[in-house]
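See structure below.
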C-alpha cells in the first residue's frame, strides 16, 4: 500500500515532500543530481512580473543552526518562467506550485493569472511574506485586511487553487490565517523566514548587504511548529509546513502539529539529496510509529490532547 | 584604563555583562562557583506579588541551537524576595536589576513599588513579555497602548529607573519600543523569548507540558540583533541586549547593533562560568578591534552606514 | 563542591545493546562523596546538541581518580557520547545533587536496592558503600529484554541479585514488584531508581517502610538556578512549595515529593 | 558530473601559519577535469556550522584518486576542518563550477599566474596543466607575511616564481602588480585568483590582454539554485542579467562580470 500519497486542493501528490520556494531554483540544478519525478511537488522560485536582479551581495550569512538570506526575489520574470522554465519542468512527472510575488496588487494579479494557466502548475503559492523586499510587500503579509483582499483578487483570476504563504513576523498568526481563509485561500504554506541580522565584528557592518535577511533552517523549526499547531486548529484549509526540516522525524513532527505536507528549504544546500532521502525513509518510520498512512499523523498533537481532556472530563 | 565600565540610568556598572533573568535564579547557585561581585549586574528571576509554582513539568526542551522553556514564572513571591533573597545578595558588590511580573496592572505596581525600595535594587526590568503565562500577560507585551500605560504607572511608583523588557513576538517592535519610551521607560531590555513548540514523535504530544514555550539560545540571536538594530535608531533610551550570547564577539555584535550592555541567559546552563569568562576576554578583544572603551562600539553598525552614505553623497 | 572540569576518557565499552560504560578521569572525583549523585556532561564542543546531559555516577574510584557512568545511547546527545574513545576529552559539571543516604541503614540490617533499566547504574556505587558498611544488600534489577541486561555479575558479587525482564527473555519475567512479592523479599530500607511508574508502585506498596527514590526530570542548569526540574512537595501537593530534582534531589525520601 | 561523496582523509598538514594542506580520496576525483573548479565541503556532521564551505581544488592525482585542498583555518568551519586527521571522513560535493580555460594559451606561449593569499591554491593545478601543455608559466604570488607563504618550491619547479609579501618580511615587498611592473613581466594570457582589489587592479592594468579571473562570493547551495552568489554581467552592469559565481564561474573572462 502507498503510505505517502496525499490529496490537497489542486494537488494529487505521490508523497508529501517538496522543495521550498527559493531553495531549488526552477529545478534544473537538482535535476542533474536525481530524478525530479521522485518529488511530491516542486515549489519554484518566486516569480514576479518583470525580471529582477535582486539585492546586492553578500546575500547569505550563516547563523547558529540557520542562515540569513536576502536574495531579493531575483528571478527571470513571468514571461521567461512561463516560456522556458515551466515547459522544461514538464518533462518530469511532478506537479509545480508556482510562487507568486510582487510589489503591488496588480503585479500579483498579473502573474497569478498567467502562470496559473501553465499546464504543469497545479497550485499557486502567494508569497505575501517576503522579508527582503523593501517596497510594498510587508503590508501584504502583516495586515489581515490587506492579505484578505489580495487573496480574494488573486483567487478571482487564478485557474488553480491558491495557497497563501504566511509570514511568521506577526503578533497574531491565527488572525492572518483566518483572514486569508476568508479571502478564499485553498490552503496555507507556512512559515516564511523570520527577519534577522548579523553584524561582522571586524568591519562593524551588517554581514548581508541588504542589512537584514530572512532567517531559515533548523533554528526556526520550533516557531514554525508552534504556529502550525495554533493555526491548524483554527482554520479548515490544509497547511503545507516548512522551516528547518532536516529529517523524516521532522516531517512527522510537522504533521503532528497540523501540516498535511512538508517543504524542505535550507537543508537542500547542506544535503542536496535530502528530499529523496526523506521520501525513502518515511514509509518505514510511519509504520514503526503504528500508522498505515501518513495522513493519519496530521494534527495528532492537538487531537491527542483533545482526546485526553475528553477522557478525563 | 578601565575599558568596560558603563553608566546607564540607575546603573553604574563595572562591566556591561550580566546574567539574564530566569537563568540565574537569585544568584545563590552560581555564588558557589564564582564571586558574583565580578558581574556587571544581576537580573534576578521574575518576582510576582504572590509566590507561584509555575507550570507542570517537563518545562524545558532542547531545540537546534536553542531551548524552549515554560517555567511559568515560578518564584517565591515578593515578600520572600525582599526579605531573604535581596538581603542575601547584598553581600556582593553588584547592582541588582529586579525583574517584575504579574497578571494584572495592580500586581506589577505592587511589586514595583516595594521591590524598588530595596537598597541593592538599582533598576527594575518590567517583564511585559513572558510568553508562558496564560492570563493577561500577553497584551502587555503586544499592544503598544497597554504597554505604555503600564510603563507609566510603574514609573510613578518606582524608586529606581525602569527598563521595559520587550517581546519579539510582535509585528512591529519599533512601535512597541516607542510606546514604552513615551510611557517614561528609562531603558529597554530585549529580547525575551520567541514562542515555540516541539512535539515528541513517539508520544505525539508536545514535549513541554504547557505545550508552547519560549525559544532562547543562539538560534534566536539574529532576530535579537535585527530588533535592536531597528529599535536603537528610533529611540533615545539605552538598550540592554540579550538572546543567545555565547562569546565576547557576540557581545560586540550586540553593541554594534545598538546595545549598551548585554545579558547572558541560556548559555549559563551550558557553561556556568560563561559570564566571568566573557568579562575576562572583553578588554583584549576591544583593544584588538581598535577601541579604547566598549562604549565606542554602541550602534556602530548603523553609525558606520550613516557615515558611508554621507561620505558618498 | 561542584566543579567544572575537562576530564579525560579512560575507557568506553558497550556492555549491553546500546548501553555504554564510560570511565573518565578528573580531579572532581575527589568531590564525589555520596552514591546517587550525578554529573551534567557536555557531549561535544558544539551547539548541537546545546544542553548538557544528566548522567548518574555509577562507580567512583578515588585511588585512580576516575568515575564511571553507564548510559543508554538513545537520542542525539547520548549517541554522540557513545562515540568517545580513550584519550578524548569530556566537559563534566559535578558532582550534582544529593544522593542516597547510606547511614539510614545499620550494619547487619538489610537494604533492598531496586533498579529499572538505566536507573540501575547509581545503585552500583550505593551497593558498594553499603556492603563496605556491613549492610546486607539484595538487588532486584529489571530490564526490558535479555540484551539490555548489564552488571549482573558485578551486583552478584555484592549480594543476592534477582534479574527480571519485561519480556521474559532472561531470568524472571515481569515487574520488579512481582519479584519482590513472589520471592518474599524483606528488608529494612529500600533504595530505588528507575522509571516513574516503578517508583510509584514501590512507594505505594511500602508506605510504612524507609524508602528512598531517585527521580528523573528534564533539566536546564542542573544546579538549581533555572526552575526546570521542580516537583511539588508531599505536604503541599498542589501549593507553591517545591523541591528541585537537580539540587534538592535527585534522591528523595518517599512521600517527600509528589511523583 | 557533480557528485556527493564521503571521502577519506589521506593526509593533512599545516604548511604555513594557519594554512592547511588537506588531501582526500574519493571516486569523485574522476570527475575533476578542469583546474580552478572547487568543492563544497561539510566540515562535520552537525548543524554547527550549518553550511558547506567552498574550497578550491589545488591538486588532482587521478592515479591515486586523491585531490588536495589548501585553505586558511580562520572561522568556525575551516578551524574544524583543520582538525581532521588521516582516516577521518569528509562529505564533499563537487567538482563545482567552471575552471580556468587551459586551451586559451598555446604551447610555447607564456602564461602569467597571479595569486593572492588563499587565492594561490587553484593556480597550482592550473600551472601543472599548462606546463604539461608546453606553456611557459610565470608565477607571481602575494602573501601577507613571511609565515603565510606556502608552495614556493612547488611553483618554482614549474616555472619562474616571484613571491612578494605585503609587509616585506620575505622576498619582494608590496603588491603583486608592483612586482609585475618592476620586473617587466610580459605574457600572453593572465590567470589570477585572490582578493577582489587585486583582481580589479589586474583587470584594469591589462585591458587589452586575455585575462581570466577566479572570483569569491558567499554561497548557499554552491550549484546554482539559490541565487546567493550572483554578479552583474559586464554588458549590463546595472540591469537584470547576471552570472552565478558557483555555476557560471568561479572563473570568468575579464569584463564578463562586474567585480
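We call the chains A, B, C and D, going by the order they appear; numbering starts again at 1 in every chain.
Rule of thumb we're sticking to: contacts are C-beta pairs under 8 Å (C-beta built on N, C-alpha and C of every residue); 3 or more make two chains touch, one makes a residue touch a chain.
Labels paired with UniProt names: A, B = Dihydroorotate dehydrogenase; C, D = Dihydroorotate dehydrogenase B (NAD(+)), electron transfer subunit.
Values in this document were obtained by computation on a predicted structure and should not be read as measured data.
Shared contact partners of chain B (Dihydroorotate dehydrogenase) and chain D are A, C.
Rounded to whole angstrom units, the spacing between the C-alpha centres of chain B (Dihydroorotate dehydrogenase) and chain C is 36. Averaging Cα coordinates per chain places chain A (Dihydroorotate dehydrogenase) and chain B (Dihydroorotate dehydrogenase) 33 Å apart. Chain C and chain D have CA centres that are 55 Å apart. For chain C, residues that reach two or more other chains under the stated contact definition are 47-48. Within chain A (Dihydroorotate dehydrogenase), residues 63-66, 217-218 each touch two or more of the remaining chains.
Taken chain by chain, the contacts link every pair, so each chain touches all the others. Residues of chain A (Dihydroorotate dehydrogenase) touching chain D in their complex: 22-25, 28-30, 32-33, 45, 50-54, 57-67, 69, 71, 74, 76-77, 217-218, 246, 266, 268-273. Residue ranges on chain B (Dihydroorotate dehydrogenase) touching chain A (Dihydroorotate dehydrogenase), taken from their complex, read 63-66, 68, 142, 169-172, 194-199, 201-206, 211-212, 215, 217-223, 225-226, 229, 244, 249, 252-253, 256-257, 289, 300-301, 304-305.
Within the complex, the chain C residues that touch chain A (Dihydroorotate dehydrogenase) are 47-48.
Per the touch definition, chain C reaches chain B (Dihydroorotate dehydrogenase) in the complex via residues 1-2, 4, 42, 47-52, 93, 217-232, 239-240, 242, 247. Interface residues of chain B (Dihydroorotate dehydrogenase), counted against chain D in their complex, comprise 64-65.
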